[in-house]
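The structures come next, written out as structure tokens.
Next, two complexes with subunit A in common: one pairs it with subunit B, the other with subunit C.
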Partner chain A sequence: MTAVVGAELAEAVGRLGPFDAAACMNCGVCTAVCPMGIAWLPRRLQRAVVLGLEQEVVAATEPVYACLLCRLCEVSCPAGVHITENVRTLRRYLNRRVFGL
Partner chain B sequence: MNQRLGVYICHCGGNISDTVDVDATLAAVANEPGVVVARTSMFTCSDATQEAIVHDIEQEHLDGMVVASCSPTLHTMTFRGVARRAGLNPYRYTQVNIREQCAWAHTGDRAGATRKAIRLVRAGIARARLTEALEPTVVQTVPRALVVGGGIAGLRAALGLASIGLGVVLVEREPELGGYVGQLGSLYPTGRSGGELIRELVEQVRRQPAITVHTAARLVAKAGTFGDFRVTIAVDQPPAGPGGPAGSDPAAAPPPSVRAQVGTIIVATGFTPATPELGAYGFGIEGVVTLPEFTRMVDAGPGPLTAGGRSVRAIAYIYCVGRRDPSAEGAGQGCAQYCCTATVHTALRVAGRDPDVRQYHLYRDLRTYGRYELLYDASRRQGSVYLRFAAEDPPRVSRDGASGRLAVAVSDRLEAGAAVEIPVDLVVLVTGMAPRPDPQLAEVLKVPVGRDGFFHEVHPKLRPVATVVDGVLVCGACQGPKGAGESVASALAAVGQTAALLKRGSAELDPQVAVVAAPRCTGCERCLAACPFGAIGLSPTAGGSVAVIDAAGCKGCGACVPTCPEGAIDLLGHTDQEVTAMIDALAGGTPA
Partner chain C sequence: MTLPIGPVIGILADNLRLRGSVLPIPARRSTSWARQLGLPVGGPTVLYSGQMVQLIPYIEAMVAIEERLGGSPLARLAPLGRRLNRVVSLVPLMARPPGRAVAEYDRILVDVATLLSRAGVAFGALYADDLYTGALAHDLGADEAVAVQARRIQQVLRRYKVREVITVDPHTTHMLRTVFPRILPDFAVAVRSYLEVLAERPLAVPAPLPGVRTLHDACVFARYESVVEEPRRLLAQTGLRVLEPEAAGRLTECCGGPAESLFPARARAIAGQRVAQLRRAAPDAITMCPLCLVNLRRAADGALGLEDISSVLRRATGG
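After this line comes the complex of A and B, so read on.
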């Protein structure tokens, strides 16, 4: 099933709090340093939001909550993306979208 | 025949002597006929050894010398200089290469490398016995240059030449100066209008009395040689309008031509924007445009972008269309260099006008090189999304018949190859630059055209604006894809090169050229056809005609020599006699 790219998801997430992954250049340092070793975190997750791939984001609910918010990725990010902030905002989105909170 | 030769064999530190037995080589050649001085040295090119050679030449009255060291490319001029300082004609110097050809080619075979070195040095000595004194051909140079092409490179070259006191003849094929940049609205990275920039340059050119401009004109003939070319420029007749001369028949009158005498010729004929094949990446579908078409849409006005009457809310850019394809002919194989940055710059302009337009960049590799990386950074921060595709799995563009929606399907390599579909209102194909074919100009100037269809310089880094034809220079996008800034840089390089060639007023040319022994020439004209530089002409004699070689036009390539059925042509510095003697010395004698 081909996913359709759009800006709506990023806009919906952005309404719930700060979410800015525009500067991400997909280098993958964040994924490499993640102590949880979860491949989804955080590069692909942010990318799925930017591209508007909602199904993928929803499918990644568990990894998003597995994040320790340790900020190791954030201090390592060469593009200065506020990754932890993005994860927090994404949790807010999933609270509503998946758990109906 | 030279009877007092000096022979110098170099260790090159150890580069040579680690493999070649230098002392054995010296012993084997020291008693060759004519050798009066034979020595080895650690570094023959060092100041001390050079002075020792000068001393030998003066004290021993040497009439020829041989240095067995490295490649002639490296040190021929060095040792010719040594000879000159000692009062020996520089062309009586012979260099033998025992480093690349012996030590480096046969590392690990000391005996074999030494045997080869001995034979090569013997051949060098055999040649040195026969070398003759030659004097460089001196040509007086005309302090004026011809610039072909009135785009940004040609205009800047003309102004640069005028500013250093050289005259300029500027020839433009179109009725107006300005070229491609003149049609552009905004140049990266400054955002300056190309049209405005060109207008300023044209105005400066018009004000400059040293520059003569011919528009709607073409270079049709070139005679003479470097420093003193005589060129013919055909000027197209303006189309006879209602106010034109009555009864005139433009077909009957040949186009008026202008003659000019110039010292160098700078080719700045530019490029042509590449057009994709119909059907490639949806080219031909409504809403699929090339980058030049898109920039014109952006230039057109400050209002919202529209396509097919609808407001443009989402754009997909597809990079490297028709480029970097190993199976492609001509220019399609290479990277067009300027287009990544030009696209990112245009995307920034779109975002600056309407931040809500969604922009998707589908790229193979992104090369916003140098400081233009900052533009790429800025575009991401402004919301441009970059998706990477594989060359073997390019994006597919389609327009749905029922809904009429335009969409691009692509596998995003940054998302583990996930297949995604992007609904858009406009697809921009980033197509790059193609050469502007001009076989007539290439024929007139004899400038080589590369397999990519662009004019070729001698070496992209070491001689970036020189061509194999002395005095003919290339700059700008006619030698390969370039941005406007790079085109101007190369135009100014051509100005600098011209200054070096013309500002002295005269130039010395290599005297190692072909000469015809007139009494043996039958005037068969075979050599005329063999000369790639058009340097051979016919001179009438009482009984017919003989070939005459222009010493200033001859490059000493030797192509004419074997074509002569009478053996009447010899190449000075490499005469048949010298070459035969070298072969005899290499192959004959006692085995070393």
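After this line comes the complex of A and C, so read on.
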């Protein structure tokens, strides 16, 4: 899969609501505690947005909607990243970008 | 096994925008609890259901359909379903919950109202104007439809001159207390869950209840609204011995309910894991969210006793 790396994706997502993964240290605690057990959730997904990997994010649409918004990752995150707000904003983006809603 | 995401979100958002609820249910169903009790209409303080509890039997009926549809060729008809649903609501045609389930969930609202009355709290109800808050649409990122609903509810509360809202479930509590003020900076209504209201005063328990229970915290109460200590304080007065499960309080594990509308099979697997954790603590568990109750009950299939905290508190305060 080809991917364009850049800041445009994070900016486009951020225009629809709060999206901030800048403080993420990529430690993986969030993914380790996530009950969904999907590799995309939530660390890799946030990384893909920050890196501007739009095709990867679009391909991960199902995991984005699979998130329970249960916040177990968020209360465990050492960097205080607002993960569930990020996921919800990403849903707003995909609602438009993928589903034309 | 998943459902087509776009059309499902579309149907839920269309329903909220056009019909005021993600799953529009008949008013005689959503108001029967308040009519049974003859609650006064409106007033400065109202018990607000947000139709969440009443929706559960309908969600159950829809999930049964979804579980049959997901992964089947019929699921591909969802886009057509969305077009049809815009013209005529498909919900009453599809979801017919058994009367027994409707009565059981109404009972939660009746018990909550009874507990508040016993505690000396004066309140009214909004009957058909007690609208769904759009919690599910909010989770799915359908923010425009939620904003429309927030304004509708603000107008209703202003019309009835409501100053304080007492909520029942965590999702309605979160929407009214945290989400609506973000959407509408002038949303000036005090919002507390009935557990917070009841926990402010001693619980009058004529005879302590025997037995052992474990407690399942709802994610939204524990991690979004910081309602952790209140249910414990109330249960401690009932006489029951309450044992904490492996993941409790702020570190509670999800019941899987939020995955129900799009990933019903996965929701059940997560519920199964949680049931196993709860069973390791005690053979019977107490829930405080109707979505947790229905999801865990389905996964437990009789292997774990489950009861809403409102029924426990009602029994403790004199049946």
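Criterion: the second predicted complex is superposed on the first by the 99 of 101 C-alpha atoms of A that agree within 3 Å, B and C clash if a C-alpha of one lies under 4 Å from a C-alpha of the other, contacts with A are read in each partner's own complex, and residues count from 1 in each chain.
Note that a residue touches a chain if its C-beta (ideal position, glycine included) is under 8 Å from a C-beta of that chain, and two chains touch if they have at least 3 such contacts.
This structure is a prediction, so every number in the text was calculated from the model and none was measured.
With both complexes brought onto subunit A, simultaneous placement of subunit B and subunit C is permitted, the two fitting side by side without a clash. Within the superposed three-chain model, A:59 lies out of touch with both subunit B and subunit C [touch as defined at top].
Look at A:75: by the touch rule set out above, it reaches subunit C but stays clear of subunit B. For the three-chain arrangement built by superposition, the Cα-centre angle with subunit A at its corner and subunit B and subunit C at its ends equals 130°, in steps of 10.
With both structures placed on the common chain, the touch criterion links A:48 to subunit B but leaves subunit C unconnected. Look at A:27: by the touch rule set out above, it reaches neither subunit B nor subunit C. Once the two complexes are laid over each other on the shared chain, residue contacts for A:6 go to subunit B alone; subunit C is not touched.
When the shared chain is aligned, subunit C comes close enough to touch A:92, but subunit B does not. Which of subunit B and subunit C touches more residues of subunit A is settled by the count: it is C.
In this overlay, which is a superposition and not a single complex, subunit B and subunit C have their closest Cα atoms 24 Å apart. Of the residues of subunit A, not a single one touches subunit B in one of the two structures and subunit C in the other.
Interface of subunit A with subunit B (complex): residues 2-7, 22-26, 44, 47-48, 50-51, 53, 56. Interface of subunit A with subunit C (complex): residues 17, 35-36, 61-62, 65-66, 68-72, 74-75, 88-92, 94-95, 98-101. Touching subunit A in their complex are the following residues of subunit C: 2, 5-6, 9-10, 13, 138-143, 219, 223-224, 250-251, 253-254, 256-259, 262-263, 266, 270, 273.
The part of subunit B that touches subunit A in the complex is made up of residues 358, 360, 377, 380-383, 385-387, 409, 412, 414-416, 418-423.
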